[in-house]
Amino acid sequence: MKIKVINPNTTWEMTKGIADAAESVRRPDTQIIAVSPEIGPASIESFYDEYLSIPGVLEEVKKGEEEGVDAYVIACYGDPGLQAAREVTEAPVIGIAEASLYMASMLAARFSIVTVLPRIKTMLEELVDGYGMSKRVLNIRTTPMCVLDFERDPERGMELLRQEGRKAVEEENAEAILLGCAGMAEFANELEEELQVPVIDGVVAAVKFAEAIVDLGKTTSKLKTYKAPETKQFIGMLAPFGSKA
Amino acid sequence: MKIKVINPNTTWEMTKGIADAAESVRRPDTQIIAVSPEIGPASIESFYDEYLSIPGVLEEVKKGEEEGVDAYVIACYGDPGLQAAREVTEAPVIGIAEASLYMASMLAARFSIVTVLPRIKTMLEELVDGYGMSKRVLNIRTTPMCVLDFERDPERGMELLRQEGRKAVEEENAEAILLGCAGMAEFANELEEELQVPVIDGVVAAVKFAEAIVDLGKTTSKLKTYKAPETKQFIGMLAPFGSKA
Amino acid sequence: MKIKVINPNTTWEMTKGIADAAESVRRPDTQIIAVSPEIGPASIESFYDEYLSIPGVLEEVKKGEEEGVDAYVIACYGDPGLQAAREVTEAPVIGIAEASLYMASMLAARFSIVTVLPRIKTMLEELVDGYGMSKRVLNIRTTPMCVLDFERDPERGMELLRQEGRKAVEEENAEAILLGCAGMAEFANELEEELQVPVIDGVVAAVKFAEAIVDLGKTTSKLKTYKAPETKQFIGMLAPFGSKA
Amino acid sequence: MKIKVINPNTTWEMTKGIADAAESVRRPDTQIIAVSPEIGPASIESFYDEYLSIPGVLEEVKKGEEEGVDAYVIACYGDPGLQAAREVTEAPVIGIAEASLYMASMLAARFSIVTVLPRIKTMLEELVDGYGMSKRVLNIRTTPMCVLDFERDPERGMELLRQEGRKAVEEENAEAILLGCAGMAEFANELEEELQVPVIDGVVAAVKFAEAIVDLGKTTSKLKTYKAPETKQFIGMLAPFGSKA
Amino acid sequence: MKIKVINPNTTWEMTKGIADAAESVRRPDTQIIAVSPEIGPASIESFYDEYLSIPGVLEEVKKGEEEGVDAYVIACYGDPGLQAAREVTEAPVIGIAEASLYMASMLAARFSIVTVLPRIKTMLEELVDGYGMSKRVLNIRTTPMCVLDFERDPERGMELLRQEGRKAVEEENAEAILLGCAGMAEFANELEEELQVPVIDGVVAAVKFAEAIVDLGKTTSKLKTYKAPETKQFIGMLAPFGSKA
Amino acid sequence: MKIKVINPNTTWEMTKGIADAAESVRRPDTQIIAVSPEIGPASIESFYDEYLSIPGVLEEVKKGEEEGVDAYVIACYGDPGLQAAREVTEAPVIGIAEASLYMASMLAARFSIVTVLPRIKTMLEELVDGYGMSKRVLNIRTTPMCVLDFERDPERGMELLRQEGRKAVEEENAEAILLGCAGMAEFANELEEELQVPVIDGVVAAVKFAEAIVDLGKTTSKLKTYKAPETKQFIGMLAPFGSKA
């Protein structure tokens, strides 16, 4: 099966790391297509970046429809455009935040998220609440590093994750740690070994859930909320997103 | 003061109706600038449309910064891009859904929303829940009409609003009716007269709240969640949204 | 228009400060009538005080009906008698707690309240929860000062607000501060300047919301919850509250 | 022990019925003092009535302090003034709504409330929510009868309770019925026999809980929320509620 | 009346202490039957222990049906098997956790629980949430002592309760302390005297509530959720739990 | 990998159907071990049955530890003993209710559950709420058929599922249907074809999630809540559940 993993930001170095993570866990008969959109922000650290990454994400989903993709993974911890992507395709679409939360729930009673800059805490709180997981998430811990800092200085990145992860375990008894950024995938295994609790990277969680759902032949419900978008015109540079004549 | 009312869809006939509603309630010293973006969908009836309207909304907010705008109103009942817009400007930004919900809460104990197509019910439920208003909203009633149908056939639009409004009052004892689409502003007064409960149009509610907040000299908090977006590059046709060199 | 601002306690020095705050933000065509009731407690710092302030508040609303009042503001942070006042008049009635919460929600993602004695924390928690704002309020900070202490020793009052406000900003990243007592109105501007986040005084917020709602010609729904009280007899010194023969 | 059952309205015919209910279940060594206040409304069917019944309730609690009362029951289904009464005395104070909800929770998984006029539904919803019982209460059913109608025409009252109770059992599978008005106590046994599910009258529930708590020697916590009201002056006809010089 | 108090663990020393607590508060005409099951764990400190204590609890309830028991108390703070026990008998069944929470709610606005090992915190959080009490419980404080440690070393037990209780009062302003283990009953009075806030032991609370409910002649609703278990076969050593031929 | 699917009831005909469902979706390298316990009820339709199935479930998990099992599935829609099973093993343990809810959430915005007898509705409501899914579940529809009726008369079973499923889709716009009993697995495909919305059987969902989690090498967190049960003695016929000497 083909799983398209879309890194909603346009930093291909990071997409490469995400691809590596996905490749390392895919089944032999799964093909990973990892991409960044051709339009959008270099990283996502605000509502502004998040919303502006969505046109690129949707473009990649649309392309995927012609590439014979069986399932999509949106590989940014804000799950940008997830519900819209579900309208565009019948194939399952999975966000890495939701995947990490559901997987963690099957392995640990209470857990914490470690993520990038403090400013995205509100966004993640709303996300967690929307997924019904507020009672299970003990804390959303931020670091003073932005998304690309984790690419540029992985050693410091690992050090900060270690610090916050340890505090989560010791101070609030987090029984698992969720990595709140797709760019942290590479640190998961080392961190898990150190902390001795499950460390959940949403990218690999979502890829495996995608395989599971595709195996079952399940597709997105087209009854109501996720019906194909209504036929209509778009104008300006977004005209290509409109219905075809 | 200058209040920029952004209709996130690109249908200027509808923007005209929104402008009329805003003009009809503005104070003499308030200037209304009602616009549609230069890019985006002709109407908003799905998560797809909603997200793809946001770049246009943000562009209009950015333009507004040079136009000396004192407050912004986002005139679509999904409040698209609201949190991102707050990052882009220090001026207050108000969504018509939130304005209608807060105003209704000060006038009625329990109320219902009447809106367009059934498919957007999930979106509005999430919105209402996010604003903390789930206990007050009795029902979200949909109609078989899409957004632009209300422009094309206002008589049938009024008739359907009347029907659903009456059912809301009689069947669930809705103590106020909230109009769940910016294009319904023109029907508010007639409907209120018929139903004998407050009928709240979010456009006028938001304009008046904007005047109120600007009068007080209050601006959006820039401490954390709504800080200016981080400096970064955008690529492709969204490149103009990136930080200036 | 006439807005009657009712300070539910009977301390006219405080009413004076509330009147000043209201006057400082009203529009030229707005007339502020600021009063204390003729019966009731000198200040409100318990459920006991709160409930016993309500007869006086309702008396003032009833008087207001003959004074041609267009909207009422209840200027105590427990919003005492708010729902009963809405039964007594068709004019909008706004509590300063609800006004501050709704206004803050349009300017900041997360915020804290600073108020008087610790004992009223439960009351404010219930209030915040009733308005659907629990997820947005980070903390309710109390001070060892009672309501009238802020009148008697405004310097110490300002100092304590400054301390708690700063802790709110620094320790819990409060993106706005809400003043949890009508008597704190005078400190808002200075505090805002120091803390560099919006400081919301409910008195001025409520006055401006009242102007907004009156401009729109909206009145309280009389369908069900806020219908006029049923006709009936009252006895004892409360007899005047009964229906007129 | 002495339990003072305060009917917050001033209709002694109804107080008599409440007294009968309490007498019928008290233990031999329990003395019931059932009273109506000397001030206040003849019945309680609105927020207005509710708040204006509170001074009378508090007066009776204060009197009770000199009568050697061991526990108080507030016998109106809105639990008017409950939290204030807890400030005034160290003796336990129990509202009949809370008592009925807690007792029902120990006997049935899901239940419905049957009460008087439709307008009080909002008040009861807020009450139920405040007691944490929203998930257990299936419905709040109202009748077109006001409080005193149940005194005047008990046959029709019983008939309406029977109708609504039966619908609750059959339509929503209510596993118990809670009587949402102190004046309905007399109908409980007959109704229970007919419906074959527990019918809970809050008056008797509260009396028995009061006996239980007094037996244990437990009193209201005076640490913080329910501390004695602060010392202060009251003016006008409410002056007697102020602190003694 | 006969109240059977079932200590779900099989440590009779602890059952003795529970019996003493129950005896000390029962009314003269109440007979306490305190037992441990003949099967099950020596103490309950995990979901494993909890679930495996339930067969023994149910066996004791079944035996109680022949002993003419009027009400049952399940004396372990996880309320193990409570809902199943309600299916087995028409007599009221009360858990000590629910009893302590409801009684505390009538005496204090906010409170904390002090219990045994940290690992049961999740279980208690879920319990508190299920009873609708999350907003009232400030904290669930654990100690490094297991259940039987409190039997073996009551002095250290008392010392730890004192420490945690004092921290609850001082650090989070807990207005009452709930003892989160049936084995702590004996410490309640001394602790209450020291802390000067109500200390609620669920055992005595449940016994007194049981007396109250039996006095009223109320029994468990058999309409739906708590109907007698369906007729069916059980196999293996659990065969005796099946329906009789 | 080895996945042990435990049907908590002792009806092997049903276990056979569950095994078939699991076999039909497992990957070639997955081995399914489907069992019923040696002790316990023939079916599960009450809290009584549910709790009494748990010893058998735990016994099977313990046996599994020696069989080299990699993951466990608990195949009853009440997820009986799930949290205890997680204490007993480090291998992941997945309940079919949680699996169906998480999978449905990735495919549909709102959905309904169709299950067996009305009496278990409360149990499922509590389950759904515990998993944070209350906002997504529109309805829990019951049928007049007990668990084993679906084995005995599959045609009528299919007919009732079809009826309720259709009503769920048409009356409440359920965008997916969740099968609320492990014995319904065989009907999933036919029902999905008819209803044209995803029909989720928890058995296959859980098996595929188990494969996903095992592939990632993730195991249950042993930090706190799911630590191995404390060492202790059990007595009576449950003695084998105690710690080994």
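Here the chain labels run A, B, C, D, E and F in written order, and each chain numbers its own residues starting at 1.
The rule we apply is simple: contacts are C-beta pairs under 8 Å (C-beta built on N, C-alpha and C of every residue); 3 or more make two chains touch, one makes a residue touch a chain.
In this text the structure is predicted, and so the values were computed from the model without any measurement.
Undergrad: Give me the fewest steps it takes to get from chain A to chain D if each step has to go to a chain it touches.
TA: 2
Undergrad: Copy of A-F's interface among D-E, B-D or C-D, judged by over half the contact pairs being the same?
TA: Match found for A-F within D-E, B-D or C-D: D-E.
Undergrad: Taking all residue numbers at the chain C/chain D interface, are over half used by both copies (same) or under half (different)?
TA: Counting which numbers both chains contribute, over half are shared, so the two copies meet through the same residues.
Undergrad: Go ahead and note the Å separation of the Cα centroids belonging to chain A and chain C.
TA: Chain centroid spacing, chain A to chain C, equals 44 Å.
Undergrad: Need the CA-centroid distance for the pair chain C / chain F, whole Å please.
TA: One centre to the other, that is 52 Å.
Undergrad: Between chain E and chain F, what distance separates the C-alpha centroids? Give it in angstrom.
TA: Once rounded, the distance between the two centres reads 29 Å.
Undergrad: Where in chain D do residues touch at least two different other chains?
TA: Chain D, residues with two or more chain partners: 83, 109-110, 118, 121-122, 135, 173, 224-225.
Undergrad: Pairwise, which chains touch?
TA: Result for touching pairs of chains: A-B, A-C, A-E, A-F, B-C, B-D, B-F, C-D, C-E, D-E, D-F, E-F.
Undergrad: In their complex, what parts of chain E are in touch with chain D?
TA: Listed in rising order, the residues of chain E that touch chain D are 25, 27, 83, 92-94, 98-99, 102-103, 105-111, 131-136, 169, 173-176, 196-198, 200, 204-205, 208-209, 211-213, 215-216, 218-221, 223-226.
Undergrad: Within their complex, state which residues of chain E touch chain A.
TA: 118, 121-122, 125, 129
Undergrad: If we count contacts the way the header does, which residues on chain B are in touch with chain A in the complex?
TA: Counting only chain B, the residues touching chain A are 10, 37-43, 45-52, 54-56, 58, 81, 83-84, 86-88, 117-119, 121-123, 126, 130, 146, 224-225, 227, 229-230, 232-239, 241-242.
Undergrad: Using the touch rule from the top, collect the residues of chain D that touch chain F in their complex.
TA: Within the complex, chain D touches chain F at residues 109-110, 135, 173.
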